[in-house]
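Labels run A, B, C and D following the written order; every chain starts at residue 1.
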Amino acid sequence: MTEIKLEERITVALAKLILDPSAPPARHIAVGAASPMPAAACWLVKKQGNPVRLSLLHKRSGNPFTEGTRELFDLTGQGRIDLFFLGGGQIDGSANLNLVGTGEWPGMGVRFPGSFGSAFMYFMTPRTILFREEHTPRVFVEKVDNISAPGVSPPGVFRRGTAQALVTGRCVFRFHPDRARFSLESVHPGETVESVRDATGFAFDVAGDVPFTPDPTPEELALLRGPICDEMMETYPEFCTRVFGRKQAA
Amino acid sequence: MTEIKLEERITVALAKLILDPSAPPARHIAVGAASPMPAAACWLVKKQGNPVRLSLLHKRSGNPFTEGTRELFDLTGQGRIDLFFLGGGQIDGSANLNLVGTGEWPGMGVRFPGSFGSAFMYFMTPRTILFREEHTPRVFVEKVDNISAPGVSPPGVFRRGTAQALVTGRCVFRFHPDRARFSLESVHPGETVESVRDATGFAFDVAGDVPFTPDPTPEELALLRGPICDEMMETYPEFCTRVFGRKQAA
Amino acid sequence: MNPISLEALAAEVPDGAMLALPPDNSLPSVALAKALIRRGVRNLRLVGVPVSGFATDILIGAGCVTSVQTSAVSLGEAGFAPRFSAALRAGKIKVIDATCPAIHTMLQAAEKGVPFMPLRGLIGSDILANRPDWKVVPNPFATNGEDPIVLLPALNPDFVCFHALMADEEGNVWVGRRRECATIAHASKRALVTVERVVPGNFLEDERLASGAINATYISGIAIAERGARPVALLDEYGFDGAYVSEYARMARSEEGFAAWCAREVFEQKAQAAE
Amino acid sequence: MNPISLEALAAEVPDGAMLALPPDNSLPSVALAKALIRRGVRNLRLVGVPVSGFATDILIGAGCVTSVQTSAVSLGEAGFAPRFSAALRAGKIKVIDATCPAIHTMLQAAEKGVPFMPLRGLIGSDILANRPDWKVVPNPFATNGEDPIVLLPALNPDFVCFHALMADEEGNVWVGRRRECATIAHASKRALVTVERVVPGNFLEDERLASGAINATYISGIAIAERGARPVALLDEYGFDGAYVSEYARMARSEEGFAAWCAREVFEQKAQAAE
């Protein structure tokens, strides 16, 4: 077995969060565009034999939708999507997401692609798992420059759920909507509470000893590099080549 | 040529109203369920070579809609339907339509099938042609027992049009939305202003000499009994058998 | 998803359920309506999307129904729906009248997960006057004047039943152009579907079939019922059986006539089929 | 409806038009975008339904665009959209940010002919704070408390352009499962469509094809453009050309690079094809 890639570690950490027994069940998970690690994590959960329905937004053949991209949002509006994934160009300590850009609106510093469906999905999905591989103070900021989607909402605003957790290249944070703060759940091998704190622009809670994020097992790696890579080649050829070493067809 | 059936006369009168040069153009006409005479009139206009698009709601094969029955109402909401037809169990002198029933709501006297889309279509179509073969005081009443769709609306209420005319088994009325009254445009052969007045429960205007509704021409009758009957057999087999004498396939 | 028996599918619908049914031109499951009568379901609250036809009339005739929300009830060329009319007159059912686009709109609101949607028209109609659950508000986007507009609440039926042409191995069902069945399935808590047949493969993997398919995620149960729409037409599969409906319309004019029709066409036919 | 030439189709779009485009996973007409660049159209107000991709970036790069209303602009795995980013930074375009379901909802409002529709979410987002055309009202159906909800105005683009697999003799076009193209066509004043080919018959008469068809009543012009979505994928017809997009992303990092790409891929290719 070759070395464990960071993407593989993040993927397995995401899969564990999907299966978190303390969270409401994830019977139907949707994965948005440009989300190879969440997609791989969902496939891992499914290939491990868990009953789960996956709706992968950017799958070209066998796309699950017949009403176009609208259907994902309608499905979510109906309450049929239990779990979604979101990232962000900036994420702050209250789980506010900025997918628009830095500086003045609409991103006159560095423009990111845009908010996609985050301003809806974050409210209407019972569970959201946040992910961002780059763990630096420019990504994890004290306060985002622009809010694509807020981390928590005032009482009276219709909202089905908030972030469950945030998985990064250095650690796993748990989110606590009651106090709108993250706590450090585990650090990846090679990291410490202090190294994470140095790389994070927002304050977070630490309770007791923080364990290491467990390594992917050989079985998990075999699934990822074999059948899961097969499923993902069509949608994410560059990711599969870079992470799993799979050669692209000519 | 056999005798002219009343249904044929009504159909040709409807066709003339569709082509009325004083009205806005009818480029796209929709015909609802259970409307054989309006459907035949539209086919007559089309088979006479006029450029018109027909959307026939209850055609089984070659149905024009791909979003189900919703599409007719959406099309109309978009302003793409220029002309529609409505009937009524009761119609009054202000062109109010009752498709629900007589007596207390919701038709505790005689219940009619129901209002269908009238409460929307009557507002959102620039032109509506009303039709009802039975011309008696129980149909044409001073005031309908229940309003499925009102004939006119107060200023400020969004409305694209009103009734253009009302074609019956005895005559053709023109509608005047400015004064919310009908005027007698023509009487069918055998009828007089007085015979129409006796059969009508509402007051209407009469200006000068009222002409007879012209007979269908031999060309019109040939179109109706030939190619138009062909088009309509699938949707309206009983009508085609009764009016055009066409035998149904076993 | 494995098909279950028609009787097992009917057993899924509890007494008192709100049940949406498509009309006679849009894939009603007459087979399932008959199975519901055999099961003896009571107090159904039917929704006609957007109007009601044959299946609604027989369910009313059999005493299964307590209310009907619809824009019209009719047997088409065979005339008024006899058991509906009789039950209304006798005060046995509550009729909640609507207008076709309002039914569609209320379901689309549920499909999108919003509490309401606006609709033009309706103002000045007694339909509106008799719908305390519908509201008129000034259009917040009007630039001048009040511009009143009707807001309709989302409608989220407990069940929808319809008859699709076919199901695939994954439990997707195919309704072709009758896509209002998809909207109703999206808007309803559970969709129970009868089909002519189950075919191999996955409609969603086939670009030609995908657009007429409803994803299994919306489908709660499937039963095979050959000619399950009959006497209603099924796309290009079979036509409308006008003689069957005309005979029904004639017999169902009286309660006794309906009882005889029901004994023969709902109960005996099933007994024969089971032999 | 007889097909016209691609250049004639592009000539239908006047300067200043509001033009809706589907994203890279839903049948954009890259061929028509290139023809619009050749025609030299100016001041387009683009709408990404619900996001924007390759076609939007090349139109911006060629100076055809004055504003973009969208939920994101990206080249997918090839990264950020370089000409979009450069034009925003240089103040050459106005960006009106939205969120995906809001774009769909505004078009659905136009599709239904209502002035607005509600949408959940959004409250507390700076997207909302920067949309003076969106309103927050108390939900009129809320039983307790204020329950604020966002109302979005109907969006009625002047044009939509997309690439369908095929057209039939009647001018119906077939998009299969990419039915958002139908919604955009319904909501827009005019739909200009490129197709791979024109086939005999009438999709609406074929139960297998009807559900993926868009009725000709919504279509204002059709041109044949073989491989007209390229480099974007077209259903099961051809795949995504990642190398083409990667090369574009590399060249378009600079204005000069884009100009060279544009000269070669937009102007020369056409000249070659015309020979």
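FYI, contacts are C-beta pairs under 8 Å (C-beta built on N, C-alpha and C of every residue); 3 or more make two chains touch, one makes a residue touch a chain.
Keep in mind that this is a model prediction, so the values were computed, not measured.
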| item | value |
| --- | --- |
| Path length in steps (a step moves to a chain that is touched) from chain C to chain D | 1 |
| Remotest chain, chain B as reference, centres from CA atoms | A |
| Separation of mean Cα positions, chain C and chain B [Å, integer] | 28 |
| Distance from chain C to chain A - Cα centre to Cα centre, in angstrom | 40 |
| Centre distance in Å when chain A and chain B are each reduced to the mean of their C-alpha atoms | 59 |
| Residue list for chain A, restricted to those that touch at least two other chains | 61, 63, 65-67, 73, 77, 124 |
| Contacts with 2+ other chains: residues of chain C | 101, 108, 112-114, 119-120, 147, 149, 177, 179, 210-212, 236 |
| Pairs of chains, among all present, that meet the touch criterion | A-C, A-D, B-C, B-D, C-D |
| Chain C residues touching chain B - in the complex, by the definition given at the top | 23, 25-26, 50-51, 70-74, 76-77, 80-81, 84-85, 88-89, 95, 97-102, 104, 108, 119-128, 130, 145-149, 177-181, 183, 233, 236, 239-240, 242 |
| Partner chain B, residues of chain D touching it in the complex | 110-114, 182, 186-187, 202, 204-205, 210-215, 217-218 |
| Residue ranges of chain C in contact with chain D within the complex | 101, 105, 108, 112-120, 135, 137, 139-142, 147, 149, 151, 153, 175-177, 179, 207-212, 235-236 |
| Of chain B, residues touching chain D in the complex | 28, 53, 55, 61-67, 73-80, 124 |
| Chain B residues within the chain C interface of the complex | 33-34, 58, 60-61, 63, 65-70, 73, 77, 99-100, 105-108, 111-124, 146-150, 153-154, 156-158, 236-239 |
